[in-house]
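Worksheet: one structure, shown below.
Going by the order they are written in, the chains are A, B, C, D, E and F; count residues from 1 in each one.
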Amino acid sequence: MFMRVDRLITELPPPAQQDPNAAAALQELLGGKYGEMSTLGNYMFQSFNFRSKDKLRPFYSLVASITAEELAHVELVSNGVAMLNNGPDKPAADRKPGGDISKTPHEAMKDIRLASAFLSNGGGATPVNANGVSWNNDFVTTTGNVIFDLLHNFHLECGARLHKLRVYETVSDPTGREVCGYLLVRGSVHAHSYALALKKLTGVEIEKMLPTPNIPLAKIPECQKYLDEGSHRRLYTWSLEDYREISGIWSNDEVALPDDPPGALEVIEGMPDGGKIQQLVGVPSAFTPDYAPEEFYEIAAKLYKASR
Amino acid sequence: MFMRVDRLITELPPPAQQDPNAAAALQELLGGKYGEMSTLGNYMFQSFNFRSKDKLRPFYSLVASITAEELAHVELVSNGVAMLNNGPDKPAADRKPGGDISKTPHEAMKDIRLASAFLSNGGGATPVNANGVSWNNDFVTTTGNVIFDLLHNFHLECGARLHKLRVYETVSDPTGREVCGYLLVRGSVHAHSYALALKKLTGVEIEKMLPTPNIPLAKIPECQKYLDEGSHRRLYTWSLEDYREISGIWSNDEVALPDDPPGALEVIEGMPDGGKIQQLVGVPSAFTPDYAPEEFYEIAAKLYKASR
Amino acid sequence: MFMRVDRLITELPPPAQQDPNAAAALQELLGGKYGEMSTLGNYMFQSFNFRSKDKLRPFYSLVASITAEELAHVELVSNGVAMLNNGPDKPAADRKPGGDISKTPHEAMKDIRLASAFLSNGGGATPVNANGVSWNNDFVTTTGNVIFDLLHNFHLECGARLHKLRVYETVSDPTGREVCGYLLVRGSVHAHSYALALKKLTGVEIEKMLPTPNIPLAKIPECQKYLDEGSHRRLYTWSLEDYREISGIWSNDEVALPDDPPGALEVIEGMPDGGKIQQLVGVPSAFTPDYAPEEFYEIAAKLYKASR
Amino acid sequence: MFMRVDRLITELPPPAQQDPNAAAALQELLGGKYGEMSTLGNYMFQSFNFRSKDKLRPFYSLVASITAEELAHVELVSNGVAMLNNGPDKPAADRKPGGDISKTPHEAMKDIRLASAFLSNGGGATPVNANGVSWNNDFVTTTGNVIFDLLHNFHLECGARLHKLRVYETVSDPTGREVCGYLLVRGSVHAHSYALALKKLTGVEIEKMLPTPNIPLAKIPECQKYLDEGSHRRLYTWSLEDYREISGIWSNDEVALPDDPPGALEVIEGMPDGGKIQQLVGVPSAFTPDYAPEEFYEIAAKLYKASR
Amino acid sequence: MFMRVDRLITELPPPAQQDPNAAAALQELLGGKYGEMSTLGNYMFQSFNFRSKDKLRPFYSLVASITAEELAHVELVSNGVAMLNNGPDKPAADRKPGGDISKTPHEAMKDIRLASAFLSNGGGATPVNANGVSWNNDFVTTTGNVIFDLLHNFHLECGARLHKLRVYETVSDPTGREVCGYLLVRGSVHAHSYALALKKLTGVEIEKMLPTPNIPLAKIPECQKYLDEGSHRRLYTWSLEDYREISGIWSNDEVALPDDPPGALEVIEGMPDGGKIQQLVGVPSAFTPDYAPEEFYEIAAKLYKASR
Amino acid sequence: MFMRVDRLITELPPPAQQDPNAAAALQELLGGKYGEMSTLGNYMFQSFNFRSKDKLRPFYSLVASITAEELAHVELVSNGVAMLNNGPDKPAADRKPGGDISKTPHEAMKDIRLASAFLSNGGGATPVNANGVSWNNDFVTTTGNVIFDLLHNFHLECGARLHKLRVYETVSDPTGREVCGYLLVRGSVHAHSYALALKKLTGVEIEKMLPTPNIPLAKIPECQKYLDEGSHRRLYTWSLEDYREISGIWSNDEVALPDDPPGALEVIEGMPDGGKIQQLVGVPSAFTPDYAPEEFYEIAAKLYKASR
């Protein structure tokens, strides 16, 4: 089971301007083969299907706990997509409720790369890649063979890193860049942790392949504050009581990757504090939350009051 | 963000025997259009994309908190699938490590309906339906229009109920029947809650359409214990601190559906206790966790010890 | 535009017994690459996209009018599928409304080839092939090049004939066989008509390739009555007033194919009389039309009365 | 069965200019989840699979007759797409037959959003959405449960309305706007009719949710003439003799929705007059109908003459 | 089995500039329904599945040998795609290894039509069409019926020609135009050869439909040198020793198509000489072959030396 | 470019009987995520897209040459599928040309798992997996990053091995078992070779993870003769003149994996001798090559003679 916390894994700066094609690029990190839906889907189903959970507890706990972080990554990229599609979160002229919509107020949306993102989703995120192709079961590997699934996961995280780097290179908006910067640090942790798991089981020092691509995180300014706070050395249990056995793998005997700020690896019980989730102010002319939502707001206010 | 708890939302009885076609039927409730991946995917992306979250707090909180329960439902069905594919969780003759695999030990798997479930997933669950067709973005509706998305969700839960009823009618194994029975009760709660949300916003008493199909839960023996404990009147916040505003919608002023045991609706902060997750003992001849996993078990035991 | 007539293009004999796998085989003729959804989809979009309709009137009218017949073919196969999934149309023991559904009344459905046909569609037809794979845009060719589109259509009808023959060879039930027998005759007409259109435009006597496969219709007992009544020589306008120009292509100067009963080709204004559509009596235990539908029947009876 | 009439459900004004991205936006209303292929596919298969047709006649007739109108809607959007891809229907310089094609005459098509629409379809419409993703069986719900299928259809029409509104807001060309304006009125009728059907069966006044989104048709100038003529109060039988029982549901006792011009609802036997279908003059340089089609025109003229 | 030769079937001129949308247009000829993956996939599986290979040797050999040429066509289009995505093959400022990547060096890639081509493939070719939709089994027809499969192949080659012509009309870069020009000549040979095979078996002179579309190759300047060297009259065995029996079909008794330079048809044992394959110099800032690849180059140089 | 040789990479024993479900199981090794179409598609596109081919020659040559072997593997599995669908290659009673087909001669095909394999492909192989789901671009990884692509390939070969083992365990027929046995040996070579490539570039001894799953080839009787002849130590160039640089990676300094028969690794210029391809005698009642093919055989015989 999973509990929910109404926080974002890291706070995103507001977008400088509406940039649907940047949002579409970010979709590659959400619904693409090497995107967050894939890391989520792979680890989630692997953890459900895991064999002999007790006998292989540290390995089960590793896959199970990272699953929870991937949910937060899916949320982070989705927020980034919606924010970039939306632009700065303040009411614009065309955003007042109940106005005249007959003057083609959203003509610009006709020419964006993934027009359905506006037409169907009102600028919201969906599990598709940068070309609009859906995430699907083809991206899920769950064989039940523990070495192979771990190897797959190591390869998946390396591939995810490459995709994050390339998306980062195409977006200039701070929102999109922050998403990439944060995920590069955390993705690096996950790649490292699967490498250590494989090393424990096979003796192969596969973590020496990292970083792949061979560019250190230090080259990405947006990674800096996360490196400074030691995020690259921390693995969370994402649980109040469970999954502590990951410290058998991500242990103090192991240290940070050579290119990163040095220090011992550490397991944190629980999860990061995270930051505030964006409000995403509605766009009445796009019928979000509706064309004339004032009445809804009043109803909601009353219900809110009643709930307290 | 989401925290993980290593418990199943309700404990499943062990399967009486291996029944891959029953597992395949259950897949309809996992990866089908009206399955749990769909309820999860719809509510998760709707909550990420929700507009004016603060102004519409009770409605946002409703969608956001139910998302967390859907994760537990995906987990429940996945466990059911894996258990039915696996059969009773005790070492069989062909399950001893390192034996002779040349005598076609899994010939029966050649004729099961979804052979890839064995060949590719070692009996594990994946996000596909009962015909092996993948879950995908076509099943996600997230428009940002609050009335429409709620209406969609109400329809989705009614459709999910219909599918659960039909799957229930095809499986005789206690594992599969328990999955259906439990989900019928909880799905009913979700349909009811979306109906109430729509009623608050539009005045239409759409909850009067329930139950759809028009069969009361009392007709399903497996639902009985859940009705007895009042599960049909409870909505969880699935959070330690957030989403309490759902009590503005699922309020004590509202009561259980007419066919169900009577009583006021209640919001529970937090989540249900849940039950134990199945171990899924490995099948070395199927290379889960591997052909000769003893060495892995020893390594894991040492790491486990080190983690304490 | 299209008007609808509540008749089936030919009347189907009731099935001897429920045979979901035969229904699944028939699905190949509905949603497969060479099935009726494909002939419909190709001709419908070709007719919508047709260039210089007036200048090429006889060719436009050919594609446009056959489109209408393909709708009737989609309807015919769909009826066949639903009938075979359903079995004989009389209330069985498990079909009485409001009974006990807890004894796994539809366990047999767990093992049928396309279980979703029961679980999701209650035995109804959907646009998928015999493996459950969806019909989609990949099966539509509409280039706007008149020679190429006609050549494609000729190839499509030949392929459709081959598939009909093979499905025919796998089903023993009279319902499924009648569907195949009828469609073989009409498909032959369509192949012939596209061949003549190509001959008019290019001089190539491509109709001499018919029949492909090289088995005469006379070998199929179910085709006999249709040959006897001359169906193989008739092309309908499927319209009250339009598309008569097809007689420039399917003209009296042309005769039946050598293997078929001889005679001149003829264009019929309008459509065939057709036969009665099956009622498909509901199965309350499968929630069709519902679990306890009597009240609905009463409401419908009153509304029916009011409408007269 | 269906008969065809060579008229468009409403006449479309010629496009002001070639606008392939506007055509691509319109594709959302053709092949998208909430597009016309979906309304067609859902109602068509539901009507084929309908249980106990006689006992539930008014409901069967409702779904069956609206199916026919959806065909006309598919045709309308397809015509709009082809017209916008094509531009004004007069021979341009590059449209003369048999010329030099080596100077990259269609370079602009390289940069349009859905390039395959030109490369593969010569500007014709196909069943894909605004992102080029195919329509498919995932969009078809046909369960055989009458309440649920009607509820699904009500939700589908509401979703379709939302998508039409958004596409309308992105296109400035009169052709595309007319398509949206017309469909908004007729879609509203269909949503209303399914709401009334549900009300008859369940007592729930679900029509009070309309309009969703909550913007009245009067806000759309292109809807005005259709409202003036009372189109919003009319449901057609789309048949010469059948489906009259829909007047049990869409009855004179019911009136127009509050925001629309007032008046009693009325059932019209038959179909609307409709308007002229566009010729779509060929583009020889795009090989439609061919590179040097004059010979074809002569052949067709002779055949046309022969057919009279 | 297949042997590989490190040569391209014809040498491509370097691109004048980076043009990802031209590359995307070319993708239609790679992964589209009528692209080279389709000709390859169809003939390859038909040759594997061919019945009574010895009894029908000339026909088997035809399909089998053309399969090999289609591999070379897939390679040719793929090279064209990669070259156009890449631009001229010389190190640009942003291509030096190990630099600062934080200044959004690939911002232009955010707005290209198929952004995943950069984000996921680093500008490489993949089996998708111009809209980014994947090649798949829907495009493969292999029925085992010899007449029908040949007819399908004839239609496929005609369709391929139409698509090549349209892509040609949208690209101005010499690389893309050369790909189209070459493939038009060779595609014409394949259409011709399947026509002759059908003629031998059925007597129908279907080759008289060629060229379809009805534009002669002479109209395409890029075809000229290939016509001059007689490429349109040559069919290769693509084998050292096998498939010579194709000369029973593509025989000296047959001559070139009327519009093309005259002469007898000829079978060439073996394959064309072909040309040099492009190097595709890496782009370190896109992590191809990596961010700082010098060390790899050194290792490779040593290994290369060791291999000699 | 590729040349073709009319030989199978290893000769397959004839099937003991027709076993369509075994053929369907084998399809997992053809069109599944970890099947031969995937190894082919990945290496083929990686080799086309390879950056700085000259500078990284040994690595380029490795990927390029293995591509050719994967074609032979696709051919081998396809032959296995067709043979198992077909059964022993001798004319049966129902196989005589021109007979009566009205007695449901292929009723057994109605109940096989992948009925379309008969209905559409006449028992031929197609690029789908064991559930009938198509191979597609989702299975292709080609990033241009040399380390990552090699790591992906290593993981792909390990996954392929696991799938081969499982398919092997479900089929008792000698044809299917030989396919698996052969591919296990060769797949092991490919996994080993990618591991060595990674070791050269990164220093990580990743080959120590082999075999994964951890069962030695010696446990598979069908592998024995290939081990005896040293196939596990041989890498072919699959070329007359190119790709010799692979000996920089697969060098004599390296030896066989510890569990396999010992010896130095060796590069063979060229390809294996292979064996005879099955004739696949036609089934006239299934219209392969046609219903009454004698005339075709005569035509072919004459053409064959003319070709000599």
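General observations
Just so we're on the same page, a contact is a pair of C-beta atoms (placed from the backbone, for glycine too) under 8 Å apart; a residue touches a chain by one contact, two chains touch by 3 or more.
Composition by chain, UniProt nomenclature: A, B, C, D, E, F = Mn-containing catalase (Includes spore coat protein CotJC).
Every value quoted in this text rests on a predicted model; they were computed, and no experiment measured them.
Listing every chain that touches chain B and chain D alike gives A, C. Taking the definition of touch as given, a chain qualifies here only if it contacts chain B and chain E alike; those chains are A, C, D, F. By the residue-number overlap criterion, the interface of chain A with chain E counts as different, with under half of its numbers used by both chains.
Fitting chain C to chain E on Cα positions gives a rotation angle of 180°, stated in steps of 5.
Using the average of C-alpha coordinates as each chain's centre, F ends up farthest from chain D. Put simply, the C-alpha centre of chain E and that of chain F have 23 angstrom between them.
If you average the CA atoms of chain B and of chain C, the two centres end up 39 Å from each other. Here the CA centre of chain A is 48 Å from the CA centre of chain C.
The residues of chain A that reach two or more other chains are 33, 113, 120, 122, 128, 132-134, 136, 138, 143, 145, 147, 162, 213-214, 286-287, 290, listed in rising order. Interface note: chains touch in the pairs A-B, A-D, A-E, A-F, B-C, B-D, B-F, C-D, C-E, C-F, D-E, E-F. Residues 21-22, 24-25, 28, 32-34, 113, 129-133, 162-163, 165-172, 213-215, 219-221 of chain B are the ones that touch chain C when the two sit in their complex.
Of all residues in chain A, only 1-9, 31, 41, 44-46, 48-59, 64-65, 67-68, 71-72, 74-75, 78-79, 82, 120-128, 134-138, 140, 142-147, 200-201, 238-249, 251, 270-272, 274, 277, 279-283, 286-290, 293, 296-297, 299-308 touch chain B in the complex they form.
On chain A, the positions that touch chain F within their shared complex are 33, 136, 138-139, 141, 143, 145, 147-148, 151-152, 154-155, 158-159, 162, 198, 202-206, 208-209, 212-214. Interface residues of chain A, counted against chain D in their complex, comprise 100-102, 104-107, 109-111, 113-116, 118-120, 122, 128, 132-134, 285-287, 290-292.
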